[in-house]
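Working notes, structure below.
Chain nomenclature is as follows: A, B, C and D, assigned in order of appearance, with residue numbering initiated at 1 for each chain independently.
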């Protein structure tokens, strides 16, 4: 994934003339627009716009110019073509982490994995095979709060843009989550809102569903309830045991997580309440 | 859908030699086996087998012969190549009913729709266009029990093999359901178990899901909880309103219902507790 | 499908300031923009834009205004919220036609089917069931040119916006095609470019493919080579005969055709050489 | 992927009593049948059966017994629960190889990758990271025949059960292919038979398709024409350049290759002329 263009993201109250105003600022700045996406959430009267452009520009001036063309309270951000920094949290399952490490090794993520943090020592050799620092933060004998805090200290020292929960099988407490708003991406092994909580494949088996799936979402304080970024399903049948479902599901999990990361890292994802707006 | 072969369906406790025993009976009967499917549910020790065959046979004798080769309590049924009789229940939405009527008109169902019953008079002209009798059973001013009873009387007089709820927007009470065990097939407009109950598309919109779907299932006393036959999903995005989801969902609903009916009518669906076993 | 907004479609050579210019014209006209989509084909330096808007406007003045803001040679069209007129051509297979007739009967097409024309009399009762005029144009004993001409006379008298080939199993000659450029939509029963020409399901069976599909495309003089609008596939297996493939394929064919029509009729489809640009 | 059961594969001319005969032999051998699949290719009068079973058995005696119950010319094979040996051929693209190496490292393949052979030295570090021997067989300055022969020597010394072409971008000549009949599995980056030969993503871009795909197939002398094992597609749109298609296609390629390998290695794939029969 090559990142060469800058991306302007705008969110504000809707009113007439918004696109005209923003494109006017960009035109006067002399940049070369590559693509433009807009969406108006009519229900809430919110305007969203993403513009990818190339060319010389003074970021601060550009943002100020755009801001001036918008209603008060507008959120304007400008993302330079610089890889974001990721910290991956994992537990014992390797498949999502391995997929991310391979993509990272071949510069396909549009980001840099700066470290792996885990509550088990199990995946150390996998991370180190790819030259990525591995931090073991054992949870045994610790309260959830204390363990969260120990992970939080490691993460904070790494200064990531996003945290990726690649099958991190622990609940993160409210304090942790609050420290990284809209910055934690989780892969849940079911098509939410079906089968929240533990052992979704077992639940799916018992219910006798004919499709299973995976959901990548932002983490909020409410477990398995954050804004959904990507969902995908595969067909299954009566001959699949709960174990078979889990095995088949792994391929969907890592595909969904990789896809969600690509969208987030290319600055294509906006939040609108508990829903995502995705310009793809 | 041509039906030319007979179908033998067997379900019983598992023990060694079952396939050998059953195929021995068929071999001695001189029939020509077209296809054979078996499945053992290891968890519950149950054996399931479906055999399609052609050729002259004495059905009663054949069933007795098969029964004799099986453990006590075996369920054996033989389905001749004769179209099943369907009664379709509908309310105001036309899309599933229209689809079934077209398939019926061109003999694609492998069944015959003997009548449409509805709590609204709205779809009368659609049914009559295709020469299918329409029974209007208004629910206004009636208790659910009384309305169920009035529908039940109509249905009973028609002697159907299966009832199809093609967007019938009323709950059927336990007495009704108990009278037609494993014989009522419903289409629910979500991928169960997500979004049970009313207005699933509205629920899906609020939750911000990226796929919507439909589920065809047998109706049991527990609402939206019966054994699932077919599920399918389609991708959706942030630009879909709840109304758009409902519109897009219609095509999935009728595809899923038609697929489920095909499987049931070809005698490919077994029940295993609350799960289905489907030999396709 | 409700059509309430007007749609402006613009195609021209790309240059800076295009979006700014067009939105400026719309802003000054005082209309209310519902959605905006733009795309630049970098390879050919072409700019495409679709804007849906509501509100009072003088269409002629608006188009002139937009044209004035664009480079010479720009194609500008304004589509009022008025149903387009369709003529459907069919032969003997009913499934696509029946689907369109049902959607038409319930005002779901965003268009009006003004007539069905067929080289067989086979589907007359289906069309007439839904109150749609049926024109029988037999081909027996006629050259292709003569038959084309006889169909062309009927079609011309009906003044359609688009012709839909709903399993019309005859090749249309160059003269016919040239008379309706970008106005004829065909459904081909394979995922093009695989299996062009006759009997694609038989070809698919022989090749042993594991997916089959359907393709909706604009008709050009080159058979099965026109710009693709929608493609979709379904999985198949070794137990499918060529006949089973054809049967299973029907559901995909009509879904793909309906989807393509929806996109075209909502003015979402642009042509870029032999490729389509679809703002969805 | 755990392999615990033995698999019996049978292919022969069809005649009555086949299943009865085979299951009789297994019953008398006292083994415990886990699953049974049969298929009759009516067109060619061929019978196919796969039986997975557990329990003590004398393989040679069992095969002889089964053979005796079948018509002359029957192909009978018994596959013990022992991992097959794989040699992977690759060139410069890492994604399929990396996926296989990860699965191999975590014992998910049901096989053992004994070596990687490549005409480039590019992927050496990837293979060695996972402890898999890497053989560099440069092709520069060599005729195809000579290069094939040099690869063949390496492969032969490794004694594999199957060769996997994981984006091996060279044509294998007839002599090489003939030496490994039904033993070479290739991943082709299009949904065959569309876009055979070189640069399928470029071809797909030019044709303007709305789905792209990948095909895993056995290699035969006829390029891109061997029996298809697995095919899968993903939707694409006008904003994808040929480069974007290639990038998006990678995820499908490796998913399709992994799926095909799983089926072959679990002894689920039969050949029927140029078609595969897959018991899944």
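By our rule, contacts are C-beta pairs under 8 Å (C-beta built on N, C-alpha and C of every residue); 3 or more make two chains touch, one makes a residue touch a chain.
Not measured: the values here are computed from a predicted model.
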| item | value |
| --- | --- |
| Other chains in touch with both subunit B and subunit D | A, C |
| Chain whose average C-alpha position is farthest from subunit D's own | C |
| Same-site or different-site touching of subunit C by its copy subunit D, using the half cut | same |
| Mean-CA-position distance for subunit D and subunit C (Å) | 40 |
| Between subunit C and subunit B, distance of the C-alpha-averaged centres to the nearest whole Å | 35 |
| Multi-chain contact sites of subunit A, meaning residues that touch two or more partners | 35, 39, 239 |
| Residues of subunit B defined as touching subunit D within the complex | 16-17, 19-20, 23-24, 26-27, 32-40 |
| Subunit B contact footprint on subunit A (complex, rising order) | 39, 43, 191-195, 206-211, 213, 227-233, 237-239, 272, 274-278 |
| Subunit B - residues contacting subunit C, complex | 1, 35, 94-95, 98-99, 102, 106, 108, 129-130, 239, 247, 251, 255, 258 |
